[in-house]
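You will see two complexes here that share chain A, one where it goes with chain B and one where it goes with chain C.
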Partner chain A sequence: MSVSKLSKEQFGQFVDAMLAAGRRVVGVVAKDDRFQFDELKSAAALRLDYDVTILPPKKYVLPQVEPLLQFEVGGGAQSVMNYDPLVLLGVHPYDLIAIRQMDELFSQGEYDRHYMDRRKQITIIACDVVRPSKNIFASSMETAVVSDGYDILITDIGDAYLLDVATEKGHALMTYAKGLAAAASADVEKRQAIQEANRTALNKHKLGCKVSYLPRLMEKAYNHPVWQEKARLCFSCGSCNQVCPTCYCFDVQDQVNWDLKTGERVRCWDGCLLENFATVAGNHNFRKDRSSRFRHRLFRKAKYVPEKIGGQIACVGCGRCITACVADIANPVTVYNRLMEERTLG
Partner chain B sequence: MCDCCSEHKDIYLPEMATITKRRMLNGTELFMHLEMDSGKELEHAPGQFVELSIAGLGEAPISISSSPTQKGFELVVRNVGSLTRAIHKLEVGQKIGVRGPFGSLYPIEQAKGKDLVFICGGIGLVPQRSFIRYVLDNRKDYGKVTVLVGTKCYDMRLFREELALWLERKDMILMETIDEAHDCWNGNVGVVTTLIPKVESDLPKSVVLVCGPPVMYKFVLMALAEAEVPADNIYVNLERRMKCGVGKCGHCQINGLYVCQDGPVFRWSDLAIVPEAI
Partner chain C sequence: MSKPRVAIFDFACCEGCQLQIVNLEEEILDLINVVDVVEWREAMSEQSHEFDIAIIEGSITRPEDEKRIEIIRSRCKIMIALGACATIGGVNKMKNKFDLEEVKHCVYGKDAHMPHLETGLTKAVHEVVDVDYKIHGCPIDRKEFASVIRALLLGKRPTVPDYPVCVECKAKENICRYEYNEICLGPIIRAGCGARCPSSSFRCFGCRGYVDNPNVEAAREVMDKYGLTVEDLRQKMVLFGCEQGPTV
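So, the complex of A and B:
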């Protein structure tokens, strides 16, 4: 593995060169006093010192609303599958792990071309966390640093960025970089020190067990009172689902155009906390109680999804649900720790 | 990631099928016989379902009611929402979008040589019919066949002519009941569980197949437990919101299981630690 180095000024020039060449680059920019992934117009707007974005980069991998088919009303349909290349710049390790999990889920079993074709057009430039967000617990979830899964990984070492270019797609982008130098061993040591620190420092909420223990913890937690207690305050607003980088449940709806003759079948985000998520025709709701929906989300994160992706826990510790939850009940760590402490009650 | 994406088909793209027969079974249930425009058979197995759609109105999972031993396939659609209302307006010769078949199958092989007892509540007869007809078309492969049909009221009864034919057959036993008494009805009155003690087959050794509205399962399963039918011999066909049909969208989950892939037909013993199932 060779690590190279660009000064911060040179890195800005690299980003601007991509933009000047007409590449579509989505990066992290400020939105009032918070941050978001958005179309980048110039490197000047880029904020790689961000703590966490409001929504995860999921919205570029699995958009909020995405056409699957174009149709004539009452007639035939064609697939919509033209996806343009995109550079996704500034993805934190925990969000990268979430995207990698979705890659696995959408390609296993029935292969989802809409997701996968779009995904293959995306080049991910990940970046190590510089500033922990107020609710991050990635260290607890062992998602604070990554050693693979990115096309390029950049690390802010103060006056410069170190770049670890891992894939062909990553190398292809490096043609836009001028002044690339090999990193000195002192620089690489700095990078190691930053990553080593992040391994334990991104931990505002501390999980009371090894992350790999969670599926077993859940086995005896189904009837624990914590589900009722927490869900009593739940508004069923689905905010925890919407901001979650690993939530990928979706609805499919037909949207008819103004001409009333043509339209699109779209996939749009859905959330298992929403009241009618499991309702069938005839109005029977299979998950009618708030507590059953609240429980389902945390079981999905710690047990159901892991069973599909080789044991990886589908909570990456970004802490967004904790920040987004109006009722302040969404913190997974609080629930898992409570289950740990009262293991006999379940 | 796989690099052969162009070889994968679009799992969300329906194929077109043409309605070749249609008739109302009662006030709300439309029966349709369809053939794929490709000229190919659907190649489903009893128990599976399709996603049926009209572009502009949406898509819904619908059980296949016919056996793969016959040409084309049959569906029954209840008029219950905007999509199904539009489906009810379609005429013979009109087209409809179809994806699938999806899901698990009835225990075609495991049940061979054994007595079969079908317990059908209301519209639950529709998916069960796919296996009943399969069994009747392969009659010598199976033991005694008993079909119990319970319907809420007289007017809601489905497949009346076909049930009359089944009643005549010497190689099967049909027992029917309605929940509410009716002037035109001389048969059994009561819920479907009241027919279970009348089954002549040795229940604990039979394969029992159950399908009906959500409320029915608990009571039928209690009655079967009382009749000492082992959970290994019971199969349930469960309804959920199978939105995508391909194990992605999450709507049909029963705990960790996806009904669209792991179901809709489940062996009851496999659901022992799946509390959301019933």
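So, the complex of A and C:
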């Protein structure tokens, strides 16, 4: 693996060269006093010193509303699958791991062509965290740094960015970079030091056990009182789902045109905390209580999804749910730690 | 197949929701292609006693309005309440918080006892007659109106959101008002508006009414966390939230 280097000015020119060539680049920009992923118009708006974005980059991998097919009422249907190339710039390690989990989930079993075809068009430039957000606990979840899964990984070493170009897609973008030099060993050491520090420093909430222990912890937690206690204040607003980089549940809806003969089938984000998430035909809701929905989310993260993807925990410690929850009950670490302390109660 | 006959009636309201239908602009031609509008005071002069779908705007505030809405109900197969006044009583319901005599004098002065100004407690339409569907909002969202009508024409049950505004607000990537220690009614109010007010840096005013199962206890309890009081919350609920269902 060779690491290369661009001065910050050169990196900006690299981004602007992609834009000038007509490449669609989505990057992190300021939104008032917070940050979000948005269409980039110029490198000047890019904020790679961000702490966390309000929504994760999943909105570009799994759009909030996405057409699946056009149909005729009582007739045929045609899939909608036109996905253009996209560069996703500035993805933090924890968010990258979340996208890689979704890649696995959408490609196993019933292969999801809409997701996968779009995903294949996306080149991910990940970046190491410069500034920890107020609720991050990625160190606890072992998601603070990554060594693979990206096309390019960039690290801010002060006056320059180091670039680790890992894939063909990554190399293809490097044609836009001018002034690329090999990183000196002192630079690479700086990068290692930053990553080593992040491995433990992104930890505003400390999980009281090894992350790999969580599935076993959940085995005896189903009837623990914590679910009811916390869920008493749950608004069932699904904010924790919406901002979660690993929540991928969706609803499918048909929209009919005014001719009442043609229409479009779309999928849109759904959330297991919403009251009617589990309502099925006949109006039966098999997760009617707030507590059962509250419990379900944390079981998904620590047990159900890990069982599908080789034990990886489906909480990457971004802390967005903690910030988003008006009632302040969503913090997964608080719940898991409580379960750790009271392992006999379940 | 003949087109369903639609009549639009207004009661106590500002007629702004009807105006939203007019504001469908080109789409209104699509609408009248698939339905036969037989009465609509705001847009045409014809009247009719025969219709399949009655769309009701406004709240019910006078004894003769109760009689009128009952007659309309007896003549239609489907009744749709249109807009906040019709679905939850709207801002008109603020009146119910005060002494009726005092309200009449405040509004009409020396004419307070003129017979045509005889007015009672404000009611949402469903508090007087059965309502089949509700299109919420102040004003309504015309896209939602259009999709409800199209669903009904296909014989399908329209889907109206039963989740809080937060869902749409988060989707818009707004910064939560509570992060600035400000009250927003979003967590207990029905979505469907696309979080229009929070997206314009306002709070949610609650015009779409409560979700089906609002956690008002949580709404009260979280006030403390943000340095606010339940009284602060009540004040914010006055505009649209007077005496509907569970209350803060």
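Following the convention adopted for this analysis, the second predicted complex is superposed on the first by the 339 of 346 C-alpha atoms of A that agree within 3 Å, B and C clash if a C-alpha of one lies under 4 Å from a C-alpha of the other, contacts with A are read in each partner's own complex, and residues count from 1 in each chain.
As a convention for this text, a residue touches a chain if its C-beta (ideal position, glycine included) is under 8 Å from a C-beta of that chain, and two chains touch if they have at least 3 such contacts.
These numbers come from a predicted model, not from an experiment.
Engineer: So, does A:103 touch the first partner chain B, the second partner chain C, both, or neither?
Structural biologist: Once the two structures are laid over each other on A, A:103 reaches chain B alone.
Engineer: After superposition on the shared chain, which partner residues are touched by A:68: those of chain B (first), chain C (second), both, or neither?
Structural biologist: A:68 sits against chain B, while chain C stays out of touch.
Engineer: Thinking of the overlay built on chain A, is A:55 touched by chain B (first), by chain C (second), by both, or by neither?
Structural biologist: Second partner only.
Engineer: By the touch definition at the top of the document, which applies to A:253: first (chain B), second (chain C), both, or neither?
Structural biologist: both
Engineer: Applying the touch criterion given at the start, work out whether A:187 contacts chain B, chain C, both or neither, answering first, second, both or neither.
Structural biologist: In the superposed model, A:187 contacts neither chain B nor chain C.
Engineer: Does the superposition put A:156 against chain B (first), chain C (second), both, or neither?
Structural biologist: Touch partners of A:156: none, neither chain B nor chain C.
Engineer: Check whether chain B or chain C contacts more residues of chain A in the superposed model.
Structural biologist: B
Engineer: Touching A:164 in the superposition: chain B (first), chain C (second), both, neither?
Structural biologist: Once the two structures are laid over each other on A, A:164 reaches no partner at all.
Engineer: Considering each complex separately, which residues of chain A are in contact with chain B in the first and with chain C in the second?
Structural biologist: Overlap of chain B and chain C footprints on chain A: residues 73, 253, 256.
Engineer: Considering the complex alone, what residue numbers of chain C touch chain A?
Structural biologist: 27, 30-31, 33-34, 146-147, 150-151, 153-154, 159, 162-164, 166-167, 170-171, 173-176, 178-179, 186-188, 211-213, 215, 217-219, 221-222, 225
Engineer: Please give the residue numbers of chain A that touch chain C in the complex, ascending.
Structural biologist: 31-34, 36, 54-55, 64, 73, 232-239, 242-243, 253, 255-260, 269, 271, 274-276, 290, 323-324, 326-328
Engineer: Under the touch definition given earlier, write down the residues of chain B that touch chain A in their complex.
Structural biologist: 1-2, 5, 8-14, 16, 54-60, 78, 80-81, 84, 95, 97, 213-214, 239-241, 243-244, 246-251, 253-256, 261, 275-276
Engineer: Considering the complex alone, what residue numbers of chain A touch chain B?
Structural biologist: Listed in rising order, the residues of chain A that touch chain B are 68-69, 71-79, 81, 103, 105-107, 109-114, 116-117, 119-120, 222, 248-254, 256, 263, 265, 267, 270, 272, 277-282, 284, 286-287, 292, 296, 299-300, 303-304, 307.
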